[in-house]
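Okay, got some structures for you below.
Next come two complexes, and both contain chain A; in the first it sits with chain B, in the second with chain C.
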Partner chain A sequence: MNAIEINNLSKSYPGFELRDINLTLPTGAIMGLVGENGVGKSTTIKLIMNAISRDSGSVKVLGVDNLSGEFIAVKEDIGVVLDEAYFPEVLTPENVGKVMKNTYRNWDDECYYNFLNRFRLPEKKAFKDFSRGMKMKLAIAVAISHKPKLLILDEATSGLDPIVRDEILDIFNDFTRDETHSVLLSSHIVSDLEKICDYIAFIHNGKLLFCEEKDKLLEEYAIIKMSKDDFEKMPKEAVKGKKVSKYGVEVLVLKAAVSNTFSTEYTTLEDIILFLARGDMKQ
Partner chain B sequence: MDVILSNMSEQPIYEQIYTQIKNSIISGVLKEGDMLPSIRALAKDLRISVITTKRAYDELERDGYIYTVAGKGCYVAKKNMELIREEHLKKIEEYIRKIQHLAKACNLSHEDIIEMFSIIQEEE
Partner chain C sequence: MKALLLKDCYTLMKQIKFYILMIILFAITPGNSISAIAMFYAAMLPITALAYDERSKWNSLALMMPYSDESIIGSKYILGYIAVAAASLLSITAQIAHSLLKNSTLELESIFTVILVACIATIVQAFNLPFMFKFGVEKGRLAFFVLIAITTAMAVVFKNGLPGIFSSSNANIFIVMLVAVIFTLVVNLISVSISIGIYKKRV
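The block that comes next holds the complex of A and B.
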């Protein structure tokens, strides 16, 4: 079974369009959703939760169509964290725990308090006095403590310091030790996604440019620095993006289509995405 | 068993795992019948993708170093001496190629190399 299955999903607003998104998140995997600001990452997540209406297409979450009546029950198994955590200002983590206990069937108090401890969140401090990092951590603690099978996070690590981000990534990593658990997280911090994701989906100009195994991307693509003469001789189908300077060319290539006489640079996911995005803009 | 992965290496991650587990088996650090960590546990401990780990295990199984018991896990297979010999032969070939390459750069003849080899052997 797949945790998320999106088929031909489209949604447009004036001045914004998301066209024909096809995306599959296999159960047990972590998928990173990458794209520039305002490209439609959050819209995609809202569409997955059926929080906004779509123009066309279908979405299945944990095997259930999200337009069907059963989806309400499935929501118990989904933990969602949006880029801003909203809890009533005066509530303390202790209060929030009580509310959630009466909201979710599978609420696990022990797990919740473990997380409060682990995150060093004060149980009796009002939400309004929390820092952004603390708010995010509380939202994540709540999302995991109702024992979901699927975690969906929208920019959950942005605006947090590297140590907290790493701590949170560790939690997602541990969460998927159970092979029935899956994670979808959007971020523009590509290095975070590179650390933990199995799959990377890249949305650009309203289209899904690719949805691919992360290691396959890192294996298939490479950056080569070469002279302009050498660049002229490159087979065109091998070139996926380029950056021309006065003294040479940096080229993103498909390794398989290039002779290995060129020495490749150490290439990160961020490089690949930057080059692909640039290449697409010029077309 | 140690598994040390390098992001900077030219070698893909799955190959690094494959080679290191294979070497642990050949050198006897992992013995016949030893249980390997589960694919998921290894992936999560190494903080790498499950798909990558699975690929490494698949190749180890294909090459006869490990076997899978459905529902239980992966185990080190009986050491196949033929296989290990083959592995060593491959390595020797690889080194000879390197020697050839270097010899060419220094203008050494076939005879020079054989002489060098004989001298070194006598020393031992």
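The block that comes next holds the complex of A and C.
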């Protein structure tokens, strides 16, 4: 069973469109949803959770259509962390724990308080007095303490310092040690996604450009630096993006489509996404 | 739904202790007009809770959790009913205590007036909440003021009729109360279904 299956999902607002998204997150995997700000990552997550209406398409989460009445029960198995924590500001972590105990059937108080200790979060301090890092840690503690099978994280690491980010990414990694657990993580910090993701889905201009295994992407693409004359000899079908400067051309190519005469360089996920997003760049 | 009520109680108890104290004081003050203020204040508590939800963007998170649309909407109505019922009970208890202390007879009419005012308070809440769910608290408040103006105008028009209701026989009083309670229930049921319909049509 797949953790998430999205078929031909579309949604439009004035000045914004998400078109025909097809995406599958296999159980046990971590998928990174990447794209620029405002491209539709959060909208996709809201559509997955049926928090907004769609124009067309279908979404199945943990094997259940998210428009069916059963989906409320499925939400018991989903932990969600949004870009902000959104708890009422006067509540303390202790209050939040009591509210969540009455929200989730599988709520585990011991797990929750262990996370509060691990994150050094004061139990009786009002949420409004927390730093952003502390707020996000509280949201993560809540998302994990009801024994979910699927974690959905919308920009959960944005705006956090690298040490906190690393700590949080470790928690997500630990979570997927159980092969029935899956994670969908949206972020525009590609280095975070490169660290932990098995799959990468890239949304650009309202369309899903690709949804691929990360290792396969890194194997498929390469960067070549060359002169403008050499670039002219390059097969055009191999070129997926280029950066032209007065010193030459830097090209993102499909490795399989270029001959061995070109010496390729190792490329990072960030390079691939940058080249694909910006297409032809001039410096 | 218990979780949502608990969340609202924590928020309200911490944010508006003084407001809640005023409701209690008004409710136990002798005189129906003062206790009526307590009940109308109590019926406005769900709007205050909604305003705090909007400020913290709680709804974005609530939609990700296993709360049904019915329980999200229903919890706000129930919060109002509990608050109005508590204010009414306090008011009736205070009236009984007052008559015992003064060694006077408790008039049935004043108990019925409390119940009738409680019905009107929940009707006001029933008119109010769909506007709040549709337009948000800021714009919804405007609708509330329009509603208050209409209610006041109606009170002025019918001011000579109301005391007459209770001046007749007991049988007449019971019929009036029965009609009032049934009308309140119908208005609230319609209001809840409108609010749920509004909430389901989210963007």
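Everything below uses one rule, namely that the second predicted complex is superposed on the first by the 279 of 283 C-alpha atoms of A that agree within 3 Å, B and C clash if a C-alpha of one lies under 4 Å from a C-alpha of the other, contacts with A are read in each partner's own complex, and residues count from 1 in each chain.
Definition applied: contacts are C-beta pairs under 8 Å (C-beta built on N, C-alpha and C of every residue); 3 or more make two chains touch, one makes a residue touch a chain.
Since this is a predicted model, take the numbers as computed values, not measurements.
When both complexes are overlaid on chain A, the residue A:Lys233 reaches neither chain B nor chain C. Between chain B and chain C, it is C that contacts the larger number of residues in chain A.
In the superposition on chain A, A:Lys98 makes contact with chain C only, not with chain B.
When the shared chain is aligned, chain B comes close enough to touch A:Ala29, but chain C does not.
Within the superposed three-chain model, A:Lys124 lies out of touch with both chain B and chain C [touch as defined at top]. Residue contacts after overlaying the shared chain place A:Arg177 against chain B, while chain C stays out of touching range. Within the superposed three-chain model, A:Lys246 lies out of touch with both chain B and chain C [touch as defined at top]. Counting contacts by the rule stated earlier, no residue of chain A appears in both its interface with chain B and its interface with chain C. Partner chain A is touched in their complex by these residues of chain B: 7-8, 10, 12-14, 40-41, 44, 47-52. Within the complex, the chain A residues that touch chain C are 13, 46, 49-53, 72-73, 75-76, 78, 80, 82, 84-91, 95, 98-104, 126, 152.
Contact residues on chain C toward chain A in their complex (touch as defined above): 2-3, 6-7, 10-11, 14-15, 52-53, 55-58, 60-61, 63-68, 201-203.
Chain contact summary for the complex, chain A toward chain B: residues 28-29, 173-174, 176-177, 179, 195-198, 213-215, 218-219, 264, 266.
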